[in-house]
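Read the structure below first, then the notes.
Lettered A, B and C in written order, each chain numbered from 1.
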Amino acid sequence: MRNFAHLSTNNGEMYSRGTLSGGQVYPCGRPDTRPASSPFFLEAKGLKKSFGLKPVLRSIDLTLSGGERVALLGANGAGKTTLLRILVGLTKPGAGSACIDGLDIVRDAQQVRHLVGFVAHQPYLYDELTALENLYFFGKMYTVKNIQERASLLLDKVGLEKSARERVAVLSRGQVQRLSLARALLHSPHHLLLDEPDTGLDQKGRDLVEALLEEHTARGGTILFTTHQLERALQMSDSIIMLNKGRIVFQKKRADLELDKLQKTYQEVT
Amino acid sequence: MALANRDTQTKHRDTRMGTPGQHKNTRPPIASLALLTLTFIGMMTSIFMIFLYVPTDAIEGIPQRIFYFHVPIAWIGMLAFGVLAVASIGYLWKKDERWDWLARASAEVGTIFITLALITGSIWGRTTWGTWWTWDARLTTTLILWFIYIGYMMLRGYMGRTPASARSGAVLAIVGVIDVPIIYESVNWWRTLHPQAEVGTPGALPPEVVLTLMISLVTFTLLYSFLMVQIYQLQKMQALAQQLHADIE
Amino acid sequence: MIFLEQVIAILWKDVRYELRSKQMWTGMGLFALLVLVIFNFTFDLRVDNVAAIAPGALWVAFVFASLLGLGRTIAAEREIGSMDRLLLCPVDRKAIYLAKLLGNMLFIGVVEIVALPIFAALFNVPLFVGALLPIVLLSTLGIAAVGTLFSAMAAATRARELLLPILVFPLIVPIVIGAVRATGTLLAPAVNEPPWLGLIAAFDVIFLTVSMLTFEYVIEE
């Protein structure tokens, strides 16, 4: 019987223990190991994920602390959306772990969900309900206090106060995107994860969104967003991470950036 | 024929890097060989006992000998389902893929045994009362168990080789194992209203019968174990193949 | 209390959704009716026979109509945006299960309420015997308890409509036996009948619990 172990890149481990692709599980650091200056802290170590035959993430390490905005760049299929979905708790990592404010995303999943807000490619709204009904519903799901006030406040902030009683099905793409952001901010999350936040937005929409994001970071919240556009990434973020085929190939703070090197890597990657 | 052996399980210290064309001395598949030998001996003994040793039944005649096949086969079908359920609980609890391999192996082997149990039961019924089928509690429950097995195989087949598939299969198995006794009881109650011919040998059994039955039972359990080892290793290989496939991409 | 509030919120959302899209009701209702009519033709319903056939016909109609409706709430979520919308929220997965279960029962219940009088008329059987209600209620609960769990499972596969009956039918055999016999006893009382209603109730308790506990393993990725 041939021994195929030398072909496997999985440390020779053939079965998975705890997680499906085998590998290490890193426990969450104790709260006091976090930097004191940022109460909101997101940390990922060795995140891996495969979907059946395809590996999508091949060991991702990541940290975000309060007030930071990080742009995630990469081609389609590089693993951006999967990474966000793992951090938000919709997908379990194949290996590795992540801690959000000291809580493990797998073990303490329900608590972590209170701390993160997600705007995805799909709006995650109910078409047949009105904008207000949607927000009330999600408010109930997140056990938001004073849901009526909070919902109208957010609708105002995203510029949808006039469409509050219209069904989502009749709203424009831009309006739906803004409502989706309102949904994500409903429970005042510590960390915002946005997948292509500019989709469908005109300049006015982008300004409204920008204002809200400013507010969020001013309160100490973090933002991790994906985008296709290098210019937007530079405008809107403090650091840039580039993903290629499931690996981080570039990670720099904006201050340390050399623009031409960035351009070059970006061309290679996309 | 390649017998499954523990060699398909790789350990860190056995890893060799960069030596294609040279494979390490393979350890003989001890467990498989042992089980195969024992099963073979058991089968030979059983066949001898069933056809030559045990006296012919006074009432039913020679066809009654199918009893010595039917009962152990049906028993193994139930056992396999029990193993499937335990492996399912193990998987949901520990999230270790190996429990899922065990579950799938037991499901495959169990499906075959239950099918054989139905067939042998039906043949036995035909020789005893002239009908191919009777709705007695045991046969009916066996039939429903067969459907649950088939449902499990179909579900796993449609969902593929993913963790979601493993979890769903595990839930189905757990619900099934809790349900089967209830099904048996409800069919029993229902039958009290329409008493029908029953599959089984009533009354006390003479010692030769008991002995033959026991030997047959042990033999089939050995056969089950042997098959389980093979198919478990097969599941492991399939998982490895999937992983290698992924790593290559 | 939060748990119950969330169950009701999800249920209300599903009901409103269904009311506004108006899909399954009429289909299920017509289907149940059709089965009843077909039974009328397939069995010889002379007066003395009715009590023997009628309960079976009724429950075949209910079970098949239930299976039609069972895919409804979960499948709808899967089709449109996937359950991610709900899974994203920190809502207890057991609450999601209960809400889907109650939603399914509501829909099957409406079909049953419509089908029962028509059943009584077609088969000429006395209907509003008090004890019929608990039988129908408890049996529907059992079918829906198992069905809700498995429709979540089957919804992820390509062969959803095929797989759901194959998975559910064998498991609800005790309920079918119990419901048919219990209804039959109502129409033609017999002595020494086993406690069918008790059996159905026990089944309900057991499988409601098991389904509620295992639901999260089925819907989470």
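Criterion: a contact is a pair of C-beta atoms (placed from the backbone, for glycine too) under 8 Å apart; a residue touches a chain by one contact, two chains touch by 3 or more.
Please read these numbers as outputs of a predicted model, since none were measured by experiment.
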**Asked** Measuring between mean CA coordinates, which chain is farthest from chain A?
**Response** B
**Item:** Chain nearest the overall Cα centroid
**Value:** C
**Item:** Separation of chain B from chain C, taking each centre as the mean of its C-alpha atoms, in whole Å
**Value:** 33
**Fill in**
Chain-centre distance (mean CA atoms) for chain A and chain B, in whole Å, is 47
**Prompt:** How many angstrom lie between the CA centroids of chain A and chain C, rounded to a whole number?
**Reply:** 40
**Item:** Residue numbers of chain C (touch at least two other chains)
**Value:** 221
**Asked** Taking each residue of chain A in turn, which ones touch at least two of the other chains?
**Response** 92
**Asked** Given the complex with chain C, which residues does chain A contribute to the contact?
**Response** 88-92, 110-111, 113-114, 118, 120, 122-129, 133, 137-138, 140-143
**Request:** Give every residue of chain C touching chain B within the complex, in rising order.
**Result:** 146, 149-150, 153-154, 156-159, 163, 166-167, 169-171, 173-174, 177-178, 181, 194, 196, 199, 202-203, 206-207, 210-211, 214, 217-218, 221
**chain B residues touching chain C - in the complex, by the definition given at the top** = 92, 144, 147-148, 150-151, 154-155, 158-159, 164, 167-168, 170-172, 174-176, 178-179, 182-183, 185-187, 189-190, 192-193
**Request:** Write out the stretch or stretches of chain C touching chain A in their complex.
**Result:** 2, 5-6, 9, 13, 16-17, 20-21, 80-82, 84-92, 220-221
